[in-house]
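Next, two complexes with chain A in common: one pairs it with chain B, the other with chain C.
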Partner chain A sequence: MEEVTATVVMEGAVVGPEVAEATTAEKKGFKVVVAVDDSENSHYALSWAIDNILANRREDCQLVVLHVQHFVETTFMYPVAGHAVYAPTLSMDAVRKAHEENSKRVISRAVDICKSKHVDALTAVAEGDPKDAICEAAEKLHADLLVVGSRGLGMIKRAFLGSVSDYLAHHAKCPVLIVKPPKGSHK
Partner chain B sequence: MEEAKERTGTGKKRVMVAIEEHECSHYALEWTLLNLKPTISSPLLLITVQPFSPFTYVAAASYSSPPQELIQSMQEHQKQAALALLEKAKEICAKHGVDVETITEMGEPKEVICQVAEQRNIELLVMGSHARGAVERFFLGSVSNYCVHHAKCPVLVVKQDSGKKN
Partner chain C sequence: MSASGSSRGEHIVPEFDTENVEKGLFHQAKEGKITMVLAFDDSEHSFYALEWTLNHFYSPATGGGMGFQLVIVHAKRAMAAANVSGPGTSAEEVLQDAEMDQRKLAARTVEKARAVCSAHSVEAVVEIMEGDAKHVLMEAVAKHHADILILGSHGYNSVQRAFMGSVSDHMAHHAQCSVMIVKRPKPQKGTKKQTH
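Here is the complex of A and B:
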């Protein structure tokens, strides 16, 4: 059976304690992990997954909402006389706090979506490079299906252009479902 | 054939599975039938696309234009292979009790799959992934890679993992 302890730490990724409870689930159900971020696309992907996958298999389907925070950099390069300056701890904490706030916001919005569709979801937060962190988290969580939105996973949306979903499609151990924004929207 | 605009309401989607010459697409089909059966609206579409391209290799190999019979026999062989794949896929679907509609096309697989998905208003495209190395994928291209980027609908990529439990 699946075993994910509350103190799982994987090279910078931390799985929240809520997930640990769920893995003592009775049946060997079907676990769907949806990776979310701030973007509309990932929330659409979450809705799509709930409407089309969980709705039909409510009995044994388990949904996990995963959010990946970017690493909090420990050094900052300031262009001050060409020297690298170590960030003072105060500003690091501030940044870390801002990241956490952001995570909370994203996760709570995702959980709201789940609640409005009457689905119980577990949440997990990982830290690090989105591509790797999602892959690892999906593995640790023994996901049967990984769902991601197509673009905007990560802060530098334009630059990535969906490369995270592309990376996952090739490197994740489990099947990956990439949900595009609905036809009406243009990007 | 349903009207393109008709929405299949209750969470059932028009699903198309791309069948290629690798085992991975049959694995993808099985996986989908096992895990997503309630989501599939009847009939399930299976598409296989025969590429034009092998003939360029033949031309190069024979140092000149290859004999007509060779080309014909290659085409025949390809067609047989494609039909065999589709038959096997149909059997798998029958085993799970799912209605199937098959589509055979010729052309560049990745483009044709995306085109057909759009024409038939497919709501979920399922493909196997070759699990080739990065270098191979760069040179030989990857159908699943292309479709992930260019298909307008959600795409499910199922990788055949030898170490997978289940």
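Here is the complex of A and C:
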């Protein structure tokens, strides 16, 4: 089994002038990486971060929206009557495609939020286990701040803090901001 | 618009008003200043967190703190009881002395925090609150209507956290507002190996 490593891919979505700006901004300025997934919570976190962290210093900050795509197993083995069966490549491709579509959707929604608040954002997509992938991506991107929602897709009502957010709070190398949902929303 | 999203109890809806969410209209940006409560305890980690915050939000290069309000909170341990045996001293005296010492210590800590702020030409509200750090911070967040709670982190591993109880962990889970955990970057040539 090959090692699942996170790869950071700069999506083609928002390149060009922003990239040039990014390289100069990297020298100084504040790089904020926001991890988004399919959950409302993470998009709220993005919106909140723009309002409260970037606030009135948009020119100085660089925002990166990061999405971690589900890793698609290249082989899918399940024993049937003692024999291992490999899933047909056709279905693998379909699954991979579905993940990519989902990723695009999440990213474009995040970018829309950024645009509506007049923020230029870079996008990045990583693959693999969300916990590790976000950590690694934040390092590779030299994030000054990593922003996450407090709960994501596995929203257990009784859990105060999602497992990924919890992991990042302890393991990320850079400061981590955990954005809580607005007061009055269901716990 | 944000009001409709936060109307509670009546209907069983997900956390967010989906329609407005689609438009990216989660909430209006807050009127007035964004309040940051920073937990300070005289450790290197707190100093680092304070310096980091001042550098990234309150320095002239980064907007000079416009739109932000910094509140520094120090939790002073309350001296509850003392048990003394031996001639010449009474429990009350010892308690009083201990209380005095704690107060002096807290005052010194707070002075250090103030000094760091003045070095950055930042006026911050500095408060000493009595009690256990976790409760103190919950109170402070409520009292100041904090938007962000900023904490340093000792970077304990999971065993240490289980033993000593991590304040940042607790606040990340239970605080009503967003929590920012500022860690000191690990030194390149680490003296201690971090085990997770």
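Keep in mind that, in the parts below, the second predicted complex is superposed on the first by the 144 of 187 C-alpha atoms of A that agree within 3 Å, B and C clash if a C-alpha of one lies under 4 Å from a C-alpha of the other, contacts with A are read in each partner's own complex, and residues count from 1 in each chain.
One rule holds for everything that comes next: contacts are C-beta pairs under 8 Å (C-beta built on N, C-alpha and C of every residue); 3 or more make two chains touch, one makes a residue touch a chain.
What you see is a predicted model; the values in this text were computed from it and never measured.
Asks: In the superposition on chain A, see if there is space for chain B and chain C together, and answer fit or clash.
Replies: Chain B/chain C on chain A - steric clash.
Asks: A:A35 contacts which: chain B (first), chain C (second), both, neither?
Replies: In the superposition, A:A35 touches no partner, neither chain B nor chain C.
Asks: Would you check which partner chain A:A133 touches, where first means chain B only, second means chain C only, and both and neither mean what they say?
Replies: A:A133 contacts neither chain B nor chain C.
Asks: Name the contact category of A:L122: first (chain B only), second (chain C only), both, or neither.
Replies: A:L122: touches no partner chain.
Asks: Output check: A:K173 vs chain B and chain C. Expected answer is one of first, second, both, neither. What do you get?
Replies: Once the two structures are laid over each other on A, A:K173 reaches both partners.
Asks: Look at A:V164 in the shared chain and tell me whether it touches chain B only, chain C only, both, or neither; answer first, second, both or neither.
Replies: A:V164 contacts neither chain B nor chain C.
Asks: Taking the superposition on A as described, I'd like to know which of chain B and chain C A:I113 touches: first, second, both or neither.
Replies: The second partner, chain C, only.
Asks: For A:A55, decide between first (touching chain B), second (touching chain C), both and neither.
Replies: both
Asks: Per the overlay, which chain contacts more chain A residues, chain B or chain C?
Replies: Touching more residues of chain A than the other partner does is C.
Asks: Would you check which partner chain A:L63 touches, where first means chain B only, second means chain C only, and both and neither mean what they say?
Replies: Neither chain B nor chain C is touched by A:L63.
Asks: Between chain B (first) and chain C (second), which, if any, makes contact with A:L141: first, second, both or neither?
Replies: Neither chain B nor chain C is touched by A:L141.
Asks: Touching chain B in one complex and chain C in the other: list those residues of chain A.
Replies: 30, 48, 51-52, 55-57, 144-145, 165-166, 169-170, 172-180, 183
Asks: If we count contacts the way the header does, which residues on chain B are in touch with chain A in the complex?
Replies: 10-13, 28, 31, 35-36, 38-39, 124, 129, 137, 144-145, 148-149, 151-159, 161, 164, 166
Asks: Given the complex with chain B, which residues does chain A contribute to the contact?
Replies: Touching chain B from chain A are residues 30, 48, 51-53, 55-57, 144-145, 162, 165-166, 169-170, 172-180, 183.
Asks: Where on chain C is chain A touching in the complex?
Replies: 2, 5-8, 14-16, 18, 21, 23-27, 29-30, 34, 52, 56, 61-63, 66-68, 147-148, 158, 168-169, 172-183, 185-186, 196
Asks: So in the complex, which bits of chain A are touching chain C?
Replies: Those in contact with chain C are residues 28, 30, 40-41, 43-44, 47-48, 51-52, 55-57, 60, 112-113, 116-117, 144-145, 150, 160-161, 165-166, 169-186.
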